[in-house]
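Sharing a structure here in structure tokens format.
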Amino acid sequence: MRTLVVILRRLIWVVPTLLGLLAIVFTVSHIIPADPAATLAGENATKAQIEAIRKQYGFDQPLPVQFLRYVQKVATGDLGISLYTQRPISEDLITRVPATLELAVVTILVAAGLGVPLGVIAAVRRNSLLDHALRIFTVSGLAIASFWLAILFQLLFAMKLGLTPLQGRVSGWGPSHVTGFFLIDAVINGDWRVLGNVAAHLVLPVLTLSFPAMATIVRFTRAGVLDAINSNYVLYEQAMGLPRRVIIWKYVLRNALIGTVTQIGLIFGILLAGAVVVESVFDWPGLGLYAVNAILRSDYNAIMGFTLITGAVFILVNLIVDIVHGLIDPRGGG
Amino acid sequence: MAHLSRLVASALMGLAIATWIAAPPVLAQTRFVFANASPYDTLDPHKILDVGRVASRINLYDGLLRWLDNPAKLEPWLAESYTVSEDGKTYTFKLRKGAKFHDGSEIKASDVVYSMERILAQKGQSYPLFADLVTPGSTKALDDYTVQFNLTKASAIFLAVVPEVHVLNAALVKKNEKDGDWGAAWLSKNEAGSGSYMLDRYDPAIGFTAKRFKDHWNKQWGTKPIDEIEFRTVIELNSRVLGLLKGDFHGTDGYLPQDQIKRLREAPNIYVAEAESMRIFYAIIHSGREPMNDINFRKALSYAFDYDGFNKNILSDSVARNPVPLPNNIWGAPKGVKGYTYDLDKAKEYLAKMKAPPREITIGALAGYQQTEQAAALLQASLAKIGVKSKILAEPWSVVSAKMRNEQQMPDLLFLWKSTYYADPNNWVGEMYACDQIGQRNNSWYCNKEVDKLLVEALQTTDQAKRAANYEKAATMVMEDAGGIFIYNTKWFGPFNKKVTGIRFCPIGDGQEMRWASMEK
Amino acid sequence: MQTAFYLFRRLASDRTALFGACLVLLLILTAILAPWLATHPNDVAEFHPAERLKPPSAAHFFGTDRMGSDVYSRLLFGARITITIAVIAVGTAVLIGVPIGLVAGYYRNWVGDLLMRISDIFLAVPQIVLAIAIAQSLGPSIENVILALSLTYWPFWARLVYAETTRAMNETYVEAAIALGVPAPRIMLLHILPNISSSIIVRTTIGMGGTILTAAALGFLGLGPPPPTPEWGRTIAESREFLPDAWWYATAPGVAIFLVVMGFNLLGDGLRDILDPRTRRERE
């Protein structure tokens, strides 16, 4: 019951938080000295033409009025038209979200798939050579600039060795659209060549993003496992004579996984932040690159739309993680 | 005995099947893939004017006239002939008969009228070219194959900009109109043209593909015409180069850095075609503001730029020094002009002639365009040597292009290019320095009465010899007046896969008009 | 003074933390001594186009860049920018966020709640996205980068200190102080703050590393100090066009960023082990 109340309280605050976020971004993006009407009109336009466009798009209204009109439209589901592409932003976002999600999901699978076992081993074989090597790895993983790592990987694997493609999500046209997730779509269409192509394009971005993600996961898994190993419960089981192997895989791992799930929110944040620059380097057609381009082009509506979606997703993910943590953590709601 | 024969039969069959599976499919079609540096975010030909997105306009659509070859020549295209009235205000075009749109319907004068009206109504990037000359409703279809333009005033450049009236299939566009939008929403993702190629697939994040339009009225193609063309967005420079080397792409833009051109030249499957284009690199000087309104300061600036260091070293001698505000290779460009050199002593002389030492100035550059940033840094370093302080402001094009038209926000200096929208000297010196263009295409706030007189005169007559004389004089005067720092004219270095031949380069089409090219299978 | 000495001794005995401290010290020294350590100190503002893109040699330890400047010397001067941005941005964020968190956690009234809600708003999107938007609006300069970073970082501190403060409010020493009638500011500054200071110190150190990475990302996207400033992120962006041949151009600044951030991370880890009793167990 208590958790339900907490969840409800959190949900109530989602809308005001998003409104506040929109207000901040609106204010920030309108300090820009750039004149969106002039940009739209093109470099050869006359003053009269620019004025006409300003009226047409409502840029001549006072800022609070513009903001209110925007919020009204959002409430009806209309995120507006991108100043740059002249297409509805909701359309643009719908095509970009799967690209980033696919990247994020594969990264988490790789990072967790490798990170959790490594974390467990590191904890079990404390202070061994492996543990120290992993310690160096985790510290490095969080110290490397991801855009630099991306460039290094490109330099080594794509340019010098020619093993992977340099950038992009797929060479040319991807699989016929079903879900927007290329891996899934390629399988659904039975297009194995495209599947291989898509997978090859995922290698470098996933490698780059999973570095910090894996570093975090290894750290927290190791800490969680150590906690569990040193706990009284395990001590009891050991005293009871249960084989070490069983103890580890049955009880310790569960604790480790709990720790990882809790950290999914944190990792998600790292991934999204990392995605912004990594997508720029790899020209990955996802939300991060969309955000960067929108901001650099002073595309107000796109910036607001992106912030709205990202904020909403972020808040929701954190909420879900908190709920799940509350459910599976035997120590009671965090 | 039967066993053996059955064994042999199945073995042979198996071999046959295996060969069939293993054999590569016979390519009946040639496919040309071009890696483009900017995205094709819309296919609407009336909304876009830039070279970055020219491939869709020039391959999917036709105009009354077309610019071809280098030096660019205006050739009849959809129009077989035209006449101009005595007062220069009425242009009558006779369309060729039997020319078809992609959907099979015939191109009529009413389609041309619709297209012109649409440009005026939609106010896209090509609108400013016609805004002063054509009023809505003034264009008439005299009959099915005769179109008449009734201009507001005589203009020497009307013919030069007519190719930008891309003729749309009016019936098709009207069918897809929504809420009186002139079909804008539909046309951004589809096409209603008559051009050499028909749109097949389009995705703004990827690019477009098009198939050859065999029923095109112009039966002149390359000897081995290309069946399918694809123009793909590949923003990352190294990706374009690598893709070319690997054979994934067959061509890319002609403005790669020289280091990459060298790499491509060394590849066995690539050749690099060269042509002198018409795209000058210069620095706008805000002559309307202190201290740049003092000619001594402007001259000092002109002597302070290391032209050779930039052209020969940083750009590896891949460009031609261009000391006047007109590309050297266009008619009307003054010949044998030496222009300014890198001479810090002379610069200091002119500085000394100023009433007071200049304040710290702001040098603008385009963020992400390395050449502008390098030029700005180079100038800053030289200015520091003669005691002039400066700071650099590198901002994205969206920000800069808006600031350029505001007298207060325009930086003191700004490095950028001026490309060819139409091959007429007015495209450069005319727009850049005419008094009535201030705040629009004259971003220097430069107004010199004598220069302006020459420019206005040149627009009013169609006598090319007289116009050339005016432009030569005007360009020389602007140079002597140090109206800007004029640095180089671009050379186009087009890398192509050796399978592709017959590329016909024109500064406006940028070598992306694929109907003339041939491709081996 | 005694605690400082004790701290120092503990730190010295932890090898990785010591290594981290050395790296940080190296950064500070490099920034201060750049003009003397550089082989071509003028190359920050002077260019030699004829020498461009030369590989590493005795004359140029890390080769030359696109304008012919010595990469090594520019790298050293870049350290100054890195430190300046990191110290001021983190310092400002701490100076704003900590008091807000303290006050909000102590009084727990609607003002505090509102401030925490505002913090939540800022924390709803990754810091870098908001920082990019702010830096882009204000224009590319070092001051605007610092402003963007501090504006997006203070909410983290407010939230952190708020949580610590509310926890401290349940402790007996605070309840006792309130009962004794000690004025609120005294309680906050002299009772609560010292007890949460270890957490603040540790996270400040680690926060320096994160801020340096975000600042480098902003420079990489072109939102940092303008050319020809030798900022590390910007240098990496400039180098891309010349790969794979001029590999030194991209490698050097990236390694610098890596060493500096790792230094702060290791130092922060070490400090956490010493100062935070809860994690001490893991090390024993």
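Order of writing sets the labels: A, B and C. Residues in every chain begin at 1.
Note that contacts are C-beta pairs under 8 Å (C-beta built on N, C-alpha and C of every residue); 3 or more make two chains touch, one makes a residue touch a chain.
The shown structure was predicted, so the numbers you read here are calculated from the model rather than taken from an experiment.
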Most centrally placed chain - per-chain CA mean versus overall CA mean: A
Chain of greatest Cα-centre distance to chain C: B
Separation of chain A from chain B, taking each centre as the mean of its C-alpha atoms, in whole Å: 38
Gap in Å, rounded to a whole number, between the CA centres of chain C and chain A: 23
Rounded Å distance between chain B and chain C, as computed from the means of their C-alpha atoms: 45
Touching two or more other chains - residue numbers and ranges from chain A: 32-33, 154, 159, 296, 298
Residue numbers of chain B (touch at least two other chains): 238, 367, 396
Sites on chain C at which at least two other chains make contact: 136, 139, 222, 240, 243-244
Chain A to chain C touching residues, read off their complex: 13, 16-18, 20-21, 24-25, 28-33, 135, 139-140, 142-149, 151-152, 154-155, 159-160, 223, 226, 230, 269, 272-273, 276-277, 280, 291-292, 295-296, 298, 303, 306-307, 310-311, 314-315
Contact footprint of chain A on chain B as seen in their complex: 33, 41-42, 47, 49, 123-125, 127-129, 131, 184, 188, 201, 203-206, 209, 230, 232, 234-236, 238-239, 242-243, 248, 367, 396, 398-399, 401-406, 409, 421, 431, 439-441
In the complex, chain A residues that touch chain B: 32-36, 38-39, 41-47, 49-50, 52-53, 84-87, 95, 154, 158-159, 166-168, 171-174, 283, 285, 296-299
Touching residues on chain C, where the partner in the complex is chain B: 45-47, 49-50, 52-53, 66-68, 136, 139-140, 222, 226-228, 238, 240-245
Complex contact set, residues of chain C against chain A: 16, 117-118, 120-122, 124-130, 132-134, 136-139, 209, 213, 216-217, 220-222, 233, 236, 240, 243-244, 247, 250-251, 253-254, 257-258, 261-262, 265-266, 269, 281-282
